[in-house]
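Quick one: this structure, given as structure tokens, is what I'll be asking you about.
Chain IDs A, B, C and D follow the sequence of writing; residue 1 opens each chain.
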Amino acid sequence: MDERTRRNHLLVWLLLLGLLGLNIASSFLDLGIFNPILTTAVAALQAFIIVTFFMSMRSAAPVPRIAAAAGFFWLLLMIGLTLTDYQTRFEDIALGRLASKPGWEAPAAGRVPNPLSESGYSPVSRPPTLAAAAPDAASGERVYASVCILCHARGVGGAPRTGDKAAWLKRSEQGVDTLVDHAVNGYKGMPPKGGHPELSEQDVRNAIGYMLYAAGIQSPRR
Amino acid sequence: MAGMDAVSDTPLLPQASTLAERVDALFFTLVGVDVVMVLVLSGLIVGFAVHYRRGARVNRTTDAPETKTEIVWSLGLLAVFLAIFVWAAHLYVEEASPPNNALEIHAIGKQWMWKFQHQNGRREINELHVPLGVPVKVVLATQDVIHSFFVPAFRVKQDLVPGRFRTVWFTPSRIGRYHLFCAEYCGLDHSRMRGRVIVMEPAEYEAWLADVSAEPSPAQGEKLFSSLGCIACHGAGSKVAAPPLAGIFGKPVPLKGGRTVIADETYIRDSILTPEKQVVAGYEPIMPSFAGRVNESDLTRLIAYIKSLSGEEGRP
Amino acid sequence: MAYRNAIPTPPGAEAKPAPQFDSLRQQYEADTLGMWIFLASEILFFGGLFMAYVIYRAAYPEAFEAASGRLDLLLGGINTAILLTSSLTMTLADDAVLPRNRKALIGWLAVTALLGTVFLVIKGVEYSVEFAAHLAPIFGRPFDFPEPHTEQARLFFSFYFALTGLHALHLFIGIVVVLIMLALAIRGVPRLEAKVTIAGLYWHLVDLIWVFVFPLLYLAAHHG
Amino acid sequence: MTADISVRKNYLNRDYSIASWLTTIDHKRIAWLYLVSITAFFFFGGAAATLIRLELATPAGDVVETETYNRLFSLHGIVMVWFFLVPSIPATLGNFLIPLMIGARDVAFPRLNLLSWYLYVIGGTFTLAMAIAGGVDTGWTFYTPYSSLFANGQVVLAVVGVIVAGFSSILTGLNFIVTVHNMRAPGLHWTRLPLFVWANYATAIIMVLATPVLAITLLLIALERIFGIGIFDPKVGGDPVLFQHLFWFYSHPAVYIMILPGMGVVSEIITCFARKRIFGYDGMAFALLAIALIGFLVWGHHLFVAGESVYAGVIFSLLSFMVAVPSGIKVFNWAATLYKGSVSFETPMLYALGFVGLFTVGGLTGITVAATAVDVHVHDTYFVIAHFHYIMVGGMVMAYFGGLHFWWPKMTGRIYPDRWGRIAAITIFVGFNLTFFPQFVLGYLGMPRRYHTYPDEFQLLNVLSSAGAPVLAIGYLLPLVYLLYSLKWGPVAGPNPWDAKGLEWQTPSPPPEHNFDRLPVVTQEPYAYGLPKRDSDAARS
């Protein structure tokens, strides 16, 4: 084992450890979106170094090189094409913009809410037997669709109408916790929990969150 | 769903929405292109095969310029298909963008039935009444697995993905009753998760919508009894240990813990909303609470049905 | 980098390629190409999980950062250093084969296997800590995480156990392969060049996968 | 003449013991092992299909319970896709012929080849165990959250069976790539490679790059069911559409795994029986690779209505239309190959021409469903079922039978009764069209797929389709009979009964265990049939 290759390998090893240190250090800085990009780029560099030096790709025949490159290329191809779906899921709001003016003002540009984050649905986690147990609390949108819609859709009895930004803005000033408290214990025309005692407080909080988002209020005060 | 009446007057696949004509136009253009291509190619194949069959004395010196014809053929193919792509994509984007003044109806897909709720809270199961000529936007949500809202007559389809709200919209353009299918496999009774879309005159629709207090009839109760899943346990031949309901109305019912109570309307109401409070002697408290799943009119219909089971004629 | 161009048949033992090959060189090229194609399929095997992780992290950035904060960065960092070092020792073992330096070959192979085992031990320690802290959503065990991100944190830890579990399984297979090479080297089996290089390629792949797993899972959070 | 066969040592009569078959590393014997196991699975899946067609003859579900029906179509899907279509041509004809066609003694990794058959059998045993233990009712697509949270069937058994069969397919692909790269006979440059080898090479690339994604996706379902972790569980924020992305990233290239080898077989057959050089060899080879590569970009067209964003739908639709170009080139070139040839109509040629006809219909309806607006209406209906059956049964199975008949003399040294062969080919063609063409109409009328009962107005077309099924079944049983018959009583076939051009025909049939007595040297282009080309050297006709 001639001395030169051995020294080379030690140098490569030190370089890899250095990059690892850099990666860990970078995670202590708050660079926002650049953190994941930087760490992945450093990892890719480490990978490239390992492939070229330790896996003797430098001296290999062309065909194994193509095979190695194909593995990574196909992975990027798969991720890239799938992202065309996930990064363009603006649901109805954007689509509204496509055809004509949307029903309610589109929320603040840029941060279009990904409905996935308010997901949640209600099956039993284990496969249901014949007597399917009653599903438990639904997500904000679903609670709204099954309960709150009765009054809030058309503002029955003075209730703030869904999508009426002014009414909801005035109420969101009091902070979400007060809104939840009013909704749970009943307030003026509204029966406690909208007449559905079986709703949990988290459901009511989700439903209020949905109505705020539908009214275009992005980050109401706590 | 067994009593689905065959709709005699409507043709096999009516064009019942403004979209239907345009999708049909695109589809039959494509079919036309396909037929022409098949005829051209099979014509070539059969023609060459017969003309140049073994033993036929024909001129066989080959001089066809190979790559040139291929390129011309491929580019022609590509041009035709790109034109069709643009037409289809245009229709697809429009199909996915509901007008904002559309009448919004909420739909919930649940394993093997459809539940619809109109703006004024009127609910219906496995049937969807929509007004003629008014764009309707159905907001779809599912409570368990992936279903798919498919109305062939409107040429629309949209999967219901758990965890998200999906929308499908159409503008009915023809009066009648049309099939509603679940198109994505969703379990045991996927093939029975069918319903009807009933297109009505707008005035008729408003009247139907306002008539919230429709008389609770045992028949509607029976439909609810099966769609809510009660029949799964209380029906005959069910493997689950659940108290039989035939003939219990008005009779004393022994409860766990020694109490006995008369099975009147409040008893049935409470057993549906809070079953664990009054468990029949000799049974386990496995019945789930249906609170939040049934509203007042459903309850009255169910009670009417259970009454009809015990020979007591429910209110007409 | 044992094999580069023509392989001089070592003096003495008459090397004979497998029946379907014409020459040793053709056999070596076929073996290397075969392993690289297998590595490409492994990259895509883990790629499916990487893609799912990237998609969910884009959907729930805050939840994943909060959950990643609960991982032990120190142990993770040490483990990564160990695996990088094991890649070095594997390469040194590979270098020792051609000049027939048996002592160095056995030494470096043993160190590589040892480093792999240490990695698995540290991983086991990490797992036990996480199991105790109710962070393992497996077999319906209790999973508690502060309120705003409970659900998505469960998703993160599902990924954490799926990714690190699969990697640990592949590492275990890698250790077995290196131990087999060690046994062959100790028994003095001639012409190990091809086998050690191929084993090395697989080992480096397992290290390569961890190089991507570590930043994605551990460095997602803002420490400090 | 028959004496001559038994005297000369060949790969079949070398050793008759069971052990010699179960531990063989001879690519020709492994091809036979695959052939037998694949035929078994083909009739197993076929039986499920016949039962399904029988059930669908009546609107009401009166032949089998709903539960059983759901498990039948799932079983039909799983068995046919992974245990018949994916391995059929590559593992049987490919294993047998590629080493012969490139002048090699065996594939690059013979032991790996045997391991790949054992993995296939182990996967098959898991699937049989799943079927016996109750089967699954998730369909062959295993969509979550039904398969991971709600299905009560043996999902884990089914998933493990498919993963193991997937690894068998990866190893076969790996073997072929290395064999074609490393072990070609002297003089056999890439431009002289027979199109059958090109087709299996392109298929091998897809097998190696797509199957691992299927393995991880199905493994995640198994993990969800066993450990309860939730990667696709919407309750914790998982997205079922992500499962569909991962599943179809494999499953669309998989349909090209199924069809590309068929194209290779048809190119060999048409050139031989038209006695004419293939029209546009470079175009055909390019088209094979192009289909393999573009095949990886188009999977999104399965999700047009599944919850994908509109933008992604439009992008995937555009890419799906691109696949039409290479397919168009292939079909055009086959037709053009007949031009100025001298065409004869033995059984393999009937199957090949049947393939070209039915594949054209299948391909064109594929383009029809690639148009987004049309797919919204016909997705998950019988239109889609008819489309992919035209490609897989009309295309793939016809090519498989054609290839089987074309190389049967080479594999067994016997010739089958050609008259019966033609009858079977025509029966299959008629039975197939009668079974699947009504389903196009049924699909556009809106009958959804996987329906145990259906509205009454769809019955007529369903009865028509069910009437075709027995005809098709008979068509498939005929070859089983007369091919086995030919093993004992068929006339002896010389090394080259069809007077075809190709290295595999330059060795006696059945070939000796080491394939070639003296190493062949390739001096001319692959299909030197018919009249000499003006400029190239005079080809020995």
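By definition in this document, contacts are C-beta pairs under 8 Å (C-beta built on N, C-alpha and C of every residue); 3 or more make two chains touch, one makes a residue touch a chain.
Here the structure is a predicted model, which is why all the values come from computation and not from measurement.
Separation of chain B from chain C in touch steps, taking the shortest path, is 2.
Chain closest to the overall centre, judged by the mean of its C-alpha atoms against the mean of all protein C-alpha atoms: D. Our note on geometry: chain A versus chain C, Cα centroid distance of 30 Å, whole angstroms. Annotation: 35 Å between the Cα-based centres of chain C and chain D. Chain A and chain D have CA centres that are 41 Å apart. Under the contact definition stated at the top, the residues of chain A that touch 2 or more other chains are 63, 70-71, 74, 78, 82, 86, 95, 98, 116-117, 119-123, 125, 128.
Contact of a single residue of chain B with at least two other chains is seen at positions 93, 96-97, 111, 144-145, 162-164. Along chain D, residues 145, 149-151, 181, 209, 213, 228, 230, 234-235, 237-239, 241-242, 249, 310 each make contact with two or more other chains. Within the complex, the chain C residues that touch chain D are 19-21, 26, 29-30, 33-34, 37-38, 40-42, 44-49, 51-52, 55-56, 59-60, 63, 137-140, 151-152, 154-155, 157-159, 161-162.
Of all residues in chain D, those touching chain A in their complex are 145, 149-152, 181, 209, 213, 228, 230, 233-235, 237, 239, 241-242, 245, 249, 296-297, 300, 303, 308-312, 315-316. Chain contact summary for the complex, chain D toward chain C: residues 99, 104-110, 112, 170, 173-175, 177-178, 181-183, 208-213, 215-217, 220, 223, 227-231, 235-239, 242, 246, 249.
Interface residues of chain A facing chain D in the complex, by the touch rule stated above, are 63, 70-71, 74, 77-78, 81-82, 84-86, 88-90, 95, 98, 116-117, 119-123, 125-128. On chain D, the positions that touch chain B within their shared complex are 61, 66-67, 70, 137-139, 141, 143, 145-146, 149-151, 234-235, 237-241, 274-277, 279-280, 282-283, 304-307, 310, 313-314, 317-318, 321, 324-325, 328-329, 331-336, 338-345, 353, 356-357, 360-361, 364-365, 367-368, 370-374, 376-377, 379-381, 444-446, 448-457, 530-531, 533.
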